[in-house]
Amino acid sequence: MDRDALASRYRRVRARTLELCAPLTIEDQQVQAIADASPTKWHLAHTTWFFEELVLGELAFDPSFRTLFNSYYECFGRRVERARRGLASRPPLARVHEYRSDVDRRVARALETGALDPGALARLELGLHHEQQHQELILSDVLTVLAAQPEPPVYRARAAEPVREPARLAFHVFGGGIVRIGARDDGFAFDNERPRFDAMVRPFAIATRPIANADVLAFIADGGYREPRWWLADGWDTVVRESWRAPLYWRDDGTLYELGGVHAIDPAETACHLSYYEADAIARWLGARLPTELEWEIAAGGGDATRGHFADDGRLHPAPAPAPESSVLGGELAQLFGDVWEWTASSYAPYPGFRALPGALGEYNGKFMSGQQVLRGGSCLTPRGHVRATYRNFFPPPARWQMTGARIAKDGER
Amino acid sequence: MDRDALASRYRRVRARTLELCAPLTIEDQQVQAIADASPTKWHLAHTTWFFEELVLGELAFDPSFRTLFNSYYECFGRRVERARRGLASRPPLARVHEYRSDVDRRVARALETGALDPGALARLELGLHHEQQHQELILSDVLTVLAAQPEPPVYRARAAEPVREPARLAFHVFGGGIVRIGARDDGFAFDNERPRFDAMVRPFAIATRPIANADVLAFIADGGYREPRWWLADGWDTVVRESWRAPLYWRDDGTLYELGGVHAIDPAETACHLSYYEADAIARWLGARLPTELEWEIAAGGGDATRGHFADDGRLHPAPAPAPESSVLGGELAQLFGDVWEWTASSYAPYPGFRALPGALGEYNGKFMSGQQVLRGGSCLTPRGHVRATYRNFFPPPARWQMTGARIAKDGER
Amino acid sequence: MDRDALASRYRRVRARTLELCAPLTIEDQQVQAIADASPTKWHLAHTTWFFEELVLGELAFDPSFRTLFNSYYECFGRRVERARRGLASRPPLARVHEYRSDVDRRVARALETGALDPGALARLELGLHHEQQHQELILSDVLTVLAAQPEPPVYRARAAEPVREPARLAFHVFGGGIVRIGARDDGFAFDNERPRFDAMVRPFAIATRPIANADVLAFIADGGYREPRWWLADGWDTVVRESWRAPLYWRDDGTLYELGGVHAIDPAETACHLSYYEADAIARWLGARLPTELEWEIAAGGGDATRGHFADDGRLHPAPAPAPESSVLGGELAQLFGDVWEWTASSYAPYPGFRALPGALGEYNGKFMSGQQVLRGGSCLTPRGHVRATYRNFFPPPARWQMTGARIAKDGER
Amino acid sequence: MDRDALASRYRRVRARTLELCAPLTIEDQQVQAIADASPTKWHLAHTTWFFEELVLGELAFDPSFRTLFNSYYECFGRRVERARRGLASRPPLARVHEYRSDVDRRVARALETGALDPGALARLELGLHHEQQHQELILSDVLTVLAAQPEPPVYRARAAEPVREPARLAFHVFGGGIVRIGARDDGFAFDNERPRFDAMVRPFAIATRPIANADVLAFIADGGYREPRWWLADGWDTVVRESWRAPLYWRDDGTLYELGGVHAIDPAETACHLSYYEADAIARWLGARLPTELEWEIAAGGGDATRGHFADDGRLHPAPAPAPESSVLGGELAQLFGDVWEWTASSYAPYPGFRALPGALGEYNGKFMSGQQVLRGGSCLTPRGHVRATYRNFFPPPARWQMTGARIAKDGER
């Protein structure tokens, strides 16, 4: 990417982050409602610190920000414990905005003057992808804050839609064989998408749409949340311990809360805020299983990852599944990108021959390769253009506060 | 008190609360740093709710505030759990200020128009004392927030003072006998200060000044925090479990943090942020004990409770103890009021014949009469004029975030 | 007490402890079901260690027993954490029996040969009272073990009794005045019962029988466990957190479990396994309060503390309250000693002029004087002859596994 | 297997379990020292219940044993919570021995009379493998009990050995390609070893011996337990939270505790009681990684799984690594079977086309397929003959109380 294009993209991405905060009060941006989520203010500062530390290489604005706004890089020393981020009333939000402006000016100047070497430019590009990841986190984390209010407010209103049924579940069959997996060497990709490698995959069938609320409602109606046989052992323990009876943000009165406010649960809507345990249990109850990440990548192979329902569209909640008369019944794969991150049956592990990035960035991905499952495809909270067919997201099995759903699969004929 | 005087006092107390918030950012007023403390924004709203609910008798501004800003009155139904007050980003601070103005207008009008019956007027007076209690809590709770910042800021600067030694500990002897304890029937007092009753007290001696930092430093130097024999069993468990090695807010480098910033530990300064366990252990190490609340009240008997170092003075930290050449060596009792709340050996229990207030206010005091110790005398965070010789404050033995210290006592000659 | 009498009493007390274990399996004596309770094996060894350490003064059998079987004496150094006593499979029970025999032989020889000085003899007498305290703990702690079995066994069978109603609650009035409280200087008493002192007490009335199951059943029927207004704040928190709906060991089917097995809840039976919170709440619901320990001691003044229902009787569960036509309606005080320990409104604190015992025994009582309430009168698990009118037992307010009940009181006429 | 052979094998396996308990006291067999481990008494009963429930099909001895001794089969209803198994003092051990004898008689008779259909015979065979798994658990769980004693006793003494260095780490290279993985259809294997499938594997090199204490000592000496860069993020969190500084059972004085007693840490000994996190970190520090389970199975392919150091040998602790002059330097693979379970980089997941066993046995393996890592090869606590090259054991990454170690691997040349 040339420097002008990079400068322009930098401005767009950074401006977009601020747009996301416009509906929020200062107080909304301060609160940390659950230990896994971070305050908006922290996201605003952390993404900025990333550029200052890793691109500019000098903490000129306030050296204490290394301690305050480092997320998890052990190589930079002591930092504020994650669960205590919400306690940092200082610096106030206004000061964080000054910080963003200052770093933006310095990055712009560095780009103009050619002060950045190729390594720094690569880290700048990485920083933009990193900020896009945090744009999604801002939305999912703000949802935890707003949902914690006794009367959860509307973040962005959306028009009511007629409630309807989704198309029934249909499958598309793939033949298996030796396939090439992972990102090519050219173009941007995270380290965890490489190296590209060959794998042998057996024939499989994959659902032409993700699980919809109608499927979850049927699972609930059949006593799914009270019946251990559908669940992994760890999942069942969690169901009992946390008293799960429905996906996160579902309410007892047939409504759910999302950034658009409280709405009736629409059977047609793509199901979201499912943990891996729930996705796996519902798949088993449907007589199916979750796809491996290789199967998912094969299925998504030729697709256009910029098409789909992303955060740039007005609605910050998954789109409805295809209608009952839809082409998915003929085997067309719908909603692969956007709407919901789709849990896969694959634990998050290095690809054969994986090498972490050099230096501090070596901590970016590799050290999380235990205890997590891979998710694919992006969501309605993801910025359009951020994901690829090879993109690997990951969260622990019990996580539900992300925009997560699932698509089921089956073994194919041999 | 006539209505004009009450109206004038109402305006002064309410304005004072806002003055205390002036040095704080919006974010400072949102954060709840420990479960025992509340956000400033909550204090601002709760004290206002008290007037609206118990004086005006109508939640006209926003009925949901009963749930949000009720502290502990079970009789008003469901409320936000104490430890989750810091999660309420909504309503924002600006809306709470509107709430205060609205209620202030309605109270002023009600006073003008004579709409308040004697019961309501009595509850209005109680509400002012209640708001003064929360003025002290605002300061102690804000201290927990500011102290949680990686670089704790100055709330209100104070001039540096020469460091010196305190007067040595001297005692004043009281003869014992049958004494009258508790508040007279006239004048304002909380229900827990009544009824007045006769008690028999043995001769005792009480220290002419509270414990000073010099005493704590000597205790530490003698290994006091490592030696179980000075401690109550529950206290020693706490020392070990919480790794206590000094009073709260003391730092390893010989400084302490207070609302005036970080300062060298001054031996002459009255010791503060002591738990009951520490106060009791230091007393034992000094060959003494803590006074009972009856002894304390006898000792304070004739004193003027408006003289002393209170929050209206510039400094929000205890004053130094009397100087080495001071009159306390002759037996004069110094610093009985203001500076620090003094832990007593008395558990918080009803006086003989105690009757709780009628209605909702019955929950004001009586239900806390287990598991707490009585403290006496007010502190440098208390508004001047708020305390009396008969005033009974109470906190659980491990509490350290309040402005708490102690004065030692001994059995007298018989 | 002369040495022969002491030797004889030593043999009797020690033999009685072993008798209590006869119905138990080796495994029953190993298990620690709750952190507050200890395994029977530990009690057997600990009481023996007390004699070896504090009377014989030499750990000749196995020096490691100081670490294993010291209860809470910090002065003897490191010890096994209380909650981990049940993990000590070694030494096995058989070895603990050898230990008991060995120490018994050495104590007998020391008594015969006159090797014990007066201090050691006094500690021997204290050791016997100490062992009696542990006899009661063995029974209450074993009950926690047996109750934890899926099918709780019978420890000692008792005959079924006809179910009936208790006498209605009546009161006896005492006039108040200056009274003498505490144990005389002669005869055995624990340090916490001294020194004897004068106190001023107001007129009061005290119930002629303890709370019976009929009273608890009525409290439950009136929704007492769901209504916060009857409860202290800490009590209500406990009710909610622990989901209390009845006294400990009550079952949903109208039965309760005790050492005699599962029985129908008898309205006439004296209520037991009540926490302080429950005792206080039921008293308030009855329009009364708990007595102070001074009031209790006055009421029990002239009574014979060896009469009553103690553990030496066959039944290890409280006796029924007096019958409806009983003399308690005329004001006679029934069941003051034995049956249940009666919670008082007094927190456990030192008497005026209290001095702890010298040396290690200084840790016996004084260091527990915070966070506990005084109980009076002994119980059906206490050995007959162990208690006195001045005897002060103490437990924390939430404790329910002891044989605890209550007797209500009221202010008297002035 | 014919019925006589099965009967004979049944007798041998069942007798072996009792032999393992011979050195233990009744109390040792009652205690549960950590929530993950079970009391020996419970193992003795649970393995017996498995035969009674799943082979005989009738709970004739005591129907309550279904609740008491079911491990995790949800389909059989309510059961005692795992962490509370140590509280069950009833039934006593003697009764569990009667239960074993009773079931053994009934199984013997059923075999003699031909009362068992082929399905029951298959479940009988499974029951024997199941009991062998519990033989290993008895040893690892007893180790947690004995290690919890203030003076950990010797379970079975072993001769002291000269301390020496292990052979240096050498590697054997495998070429990769398409390989067949999993158990053949004939012969016994657990469901999780099937179906057999083809996989593509890249060239790799695998160490010719497992990690030895010498390697761990070097890691420690290099500050490995204090340096986050070697660790997975979850691993580092665990190191900090649990204060890990060495493998489990290592002591500060250069010794370790094992079933043979306390011994000097021998550098030559195969390292054991490593968590997955430690195995992974040490591998990374050694410039290597852990093998996948496919790589491990390829490497072990032609080996004889009955050769190696198993629990039938005298020593219940891993054997020393090959000596410095050993043939492993030439590439021979040593200690693949026995000594220590070797952690692999593979999370525990179903093989392609996996089908769980029918009925209750469907809960045997499949429901644990999340959050665990695969281990291979058996250990010195495993009965000889129990493992195969295709055998898949699994534990969560932080588990250390099992006999777990690791063998490192590297990518091969392409």
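Should a chain be cited, it is by its letter among A, B, C and D, assigned in written order, with residues numbered from 1 in that chain.
As a convention for this text, contacts are C-beta pairs under 8 Å (C-beta built on N, C-alpha and C of every residue); 3 or more make two chains touch, one makes a residue touch a chain.
If you're wondering where the values come from, they're calculated on a predicted model, not measured in any experiment.
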Fewest touching-chain hops separating subunit A from subunit C: 2
Steps needed, at minimum, to go from subunit B to subunit C via contacts: 1
Furthest chain, CA centroid comparison against subunit C: A
Distance from the mean Cα position of subunit D to that of subunit C, given in whole angstrom: 48
Centroid spacing, where centroids are CA-atom means, of subunit A and subunit D in whole angstrom: 37
Rounded Å distance between subunit B and subunit D, as computed from the means of their C-alpha atoms: 59
Pairwise chain contacts under the document criterion: A-B, A-D, B-C, C-D
Residues of subunit D touching subunit C in the complex: 25-28, 30-31, 33, 41, 64, 67-68, 80, 84, 86-90, 92-93, 145-146, 148-151, 153
Parts of subunit A lying in touch with subunit D, wherever the complex brings them together: 72, 74-75, 178, 197-200, 202, 228-229, 231-236, 276-277, 280, 345-347, 349-350, 352-353, 362-363, 367-371, 373, 397, 411
